[in-house]
């Protein structure tokens, strides 16, 4: 880290900072310019946060040099992480499509959706049994019954199951049925929950918080990895900006940036980002072009009857057309559909 | 709600929308212009979210007319909500200062801080026993031991205790010690936790999510109120913007806006919003001027030794000076310090 | 437009609003619910802004129904606008690459850059003669000499010239040399300048303001079109968000959204959006996948010697590799490189 | 500045950077850690932007140490700048209110507004003769006739005149009538215009761009100062965020931050920031509490008849009440109304 002292900070203040860094085991380089003194400190980056240097007298600001995450960084592990779920590999050459309804509404609805997405080429089935709705008056999910339907749909189609876990108490139940545990955007910094999923032996799909920087997102992954679970899949799902024609702004540049900073696989959820089904296909294709390892897409047998997020769900026909287009894009970028 | 049909949407599509609204019990007004048809629907606003009208053919967009929250709205309850904690009243004429360290670090540190803020005029003591740190390698709090120190500090000084609750499992423990249960910014939309605090008979201090709109914030309050706990104190703590000289951008206009839309009390946390102690005093005073019912302020006996958020903590001297200034401001705006 | 009255607004206030709308020639539909009255008004949308209805007593808010732009809207003109510059067509099947250095630095540098981008397949040459630098101490461009070099480079290579015009006084000079007049992001709402370029018979490349909504961007295009120049090319170049690893957040969803709302061609400038050359190729390819009609890309013979924006410029080798990849993507999406 | 090299950047790359810095006259400090090399460079900050170091091989990123502005910085001039306009001093103990209509609509309207604001205690009259409207179909201002009315109103009331200048061509005309030249938010980075106002001998009121960082805003002030005009008044007017209940988010923390970084006076325009008159009074008072040197407030004799921005204009009664409240606040913070 680099400590930038205020212009004209006196000797005593500089010494106090140097002493604290020295006691904490940092190696120190002092640059005393005419206008300002700069202190370079090299050492254990994970201790930096607790030093409170910015509260010391004469300190103007601190510039961290190293990233605050370690296990999630490309520097720690150079090769791409590839996550294996039976015969499915996420993060390698293949691109996997996780599709299905926003919420599990009934056995019939889920089976119909599962058959459709399977036939069109998806390899995983998405569907929420617990729904984190912004209104307390909206449909909140079928809970365990929904999970059972998901397991039956897996039995029926062979599709793996991705479903959201919302708190520590229901985690064991969800983990019993799911193949991938999804952490929703609102829980990206629910550190209690992150610590619990870290103890499970199931891969975790970690959605980016709607106002999380890429660094904070990687720090959330670090929480899970530091707890022992290295199988983290990052999912970009749009960030909040002033633009309000789309629900959020899909930050596709996060894909190459994360791949530069980290070894973890990255997938994209264009449905939640955009909020309008019409814009999902071009953005899904663009995500694959930008390097996404997979997509999370909402498909509903009949979007206008959906209990949740109908406006952003693709019809079966639109999903089939998209899958064909994705095949061409995958070819063009030298990958293949999973 | 108003349904705006696409230009040239045909009769069948219009009828289909009208039929669905009719079945759902809405009263309908049809305006057929030359270019566009507009359908006004009056009825139970809480059912609106589940209708998926935007997914129907021919529908361009939906404009909600009524606010999606009810219990939290000024329309539902015209008088200001005043929350009573023994002899303290929040939301009335008095302005209450909740001050103390970011984290409870030790018995000595907490007692020293409590004595200081009590002497300067604070009526509540803040201090975290569980700390939601962005890094898994940072100090995570003293947990139950911290709560016990808080209770001892209350015994010693008479200050009421505000402390954060981070998940449903530790909620009963926190509720045993706290006078006000704080929901942190990252948990504003942790709906499982909101439902649990809704069952407690303690007031809840609900921080605004760092990227939450005012409407979403009031919807989170609605969750708690719909669960039976009407004693919600809203806390503005800065929103995330592109400006990065301050940690967040303190949205003081949220105070008069919330007071216009809702009857709930509003307090402000300038320490977290700004991230630099130097800017806390003027913004604390501005918050009171703008109508805040209280302030949450970080004070540490020795900020440069703090294990958490030292750079934004006031020294005892700075806090005393601020309290004097706040007294003058309270006078000027016709209120008085609690 | 729809006027939503406050709950319990009395008859006189409702009448006053109705009268004003009536006098302004609007056709009126009144919906009186139990809780709220809603007034639908159908008429000339361009007059709406001057009515100041929101300042009338009893009015809660105004909801515009129609878009505030007309000439730029898809409703006004259903077919895509195709802009012809000699043998180049922008907005049709072809994808055109506008490449070159940020700033014209010297005859040699420009010629070298022009030869490189021509050889790799670009059809237009970009290069700034006037540079809107944020620092008054930075290189400000070669001005007319730079324009002359651009014209010479056109002579030499056949590439058409895109260059920025920064104010009304230098517009005639720039128009003498340029094939496309670029309006920079900071001038998107410089309405005096928009009115002047509206009078020219050259196509205008209109960059999106870094904090402009899509609607404001289309309103800026409307200014140019209302002044008589229908040849507007929209250019997405990243919007400002809290994410700061990339310079801006490239909003690729703006491409399908603009194509839905408008008939104008859309191109993308990934170089300025990202600020780091490494991320330009994947995002350039993603932009074409999402439907862009062209790209604006910074290429410099030697980026680390560039006087402006070196960090985001591609080397000749990287640009050549990108052009090959773009060819494959264009095939995959059923278009072809111009 | 500090150059952070990539982990494992080899000797040659480090040498190349050192050589370039050395040639540019920088003094160099090299810190070679186990993981990363860091190069400190001390020298002329204004040359930094042109070095393109981030484009050099092996360079990870550049951290600027010194602020990029000089004349506007508190380091350059420690005392507050006080701007004198006859008997009015802006930036000292006094707080000045600049009030009036958004647009000059007619002689009668302006005189009425001027009489009202004068009687209530304002010292400057605001009013636009050129209006930068987002719609080409909206009222665009009375132009020179409007300026003449402003001059007559000054004659009549003694109020000084603040009015916006929108381009270089009309600048001499505006300067003939105005006492303070206002640069609007959309022109904050219109560098051609900044250079022109730099040559005038009138104070400049520089509004913050709606998505400008504080640093960019100070850089815009630097443009004007570098051109010879040191009388710059900064005006905070709200920044664009995702919150849309208010038109913009008024960033009051910008006041103490700018006063920390710069010696220039700062005023606040709550009317444009909020967009709703109801929230103007509390935020105007909060701005003065936070340290503002003045306010720019829209007042209209009859807001619901205004041709521009009626919904955010105060009525005469509301303005009078606000002025009384501001007097009390000024007392409380140890200042006095100008």
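Should a chain be cited, it is by its letter among A, B, C and D, assigned in written order, with residues numbered from 1 in that chain.
As a convention for this text, contacts are C-beta pairs under 8 Å (C-beta built on N, C-alpha and C of every residue); 3 or more make two chains touch, one makes a residue touch a chain.
From a predicted model like this one, the values you see are computed outputs, not experimental measurements.
*Asks:* Please indicate which chain is farthest from chain B, where distance is taken between mean Cα coordinates of the chains.
*Replies:* Result for the farthest chain: C.
*Asks:* Pick the pair with more C-beta contacts: A-C or B-C?
*Replies:* Answer to which pair has more contacts is A-C.
*Asks:* Taking each chain's centre as the mean position of its Cα atoms, how many Å separate chain A from chain B?
*Replies:* 26
*Asks:* Measure off the straight-line distance from the CA centroid of chain B to the CA centroid of chain C, and report it in whole Å.
*Replies:* Whole-Å distance between the two chain centres: 39.
*Asks:* Please tell me the distance, in whole Å, between the geometric centres of chain A and chain C computed from their C-alpha atoms.
*Replies:* 31
*Asks:* Give the residues of chain D touching no fewer than two other chains, as numbers and ranges.
*Replies:* 211, 240-242, 244
*Asks:* Which chain D residues qualify as touching chain A in the complex?
*Replies:* So the residues of chain D in touch with chain A come to 2, 4, 7, 27, 29, 31, 33-36, 38, 40, 42, 63, 65-66, 75, 240-242, 244.
*Asks:* Provide the residue numbers of chain B that touch chain A in the complex, in ascending order.
*Replies:* Chain B reaches chain A through residues 46-47, 49-50, 52-57, 68, 132-139, 166-169, 186-187, 189-193, 209-211, 216, 219, 222-223, 226-227, 240, 276-277, 303-308, 310-311, 313.
*Asks:* In their complex, what parts of chain D are in touch with chain B?
*Replies:* Residues 211, 213-215, 239, 241-246, 249-257, 260, 273-274, 278-279, 282-283, 285-291, 325, 328-329, 331-333.
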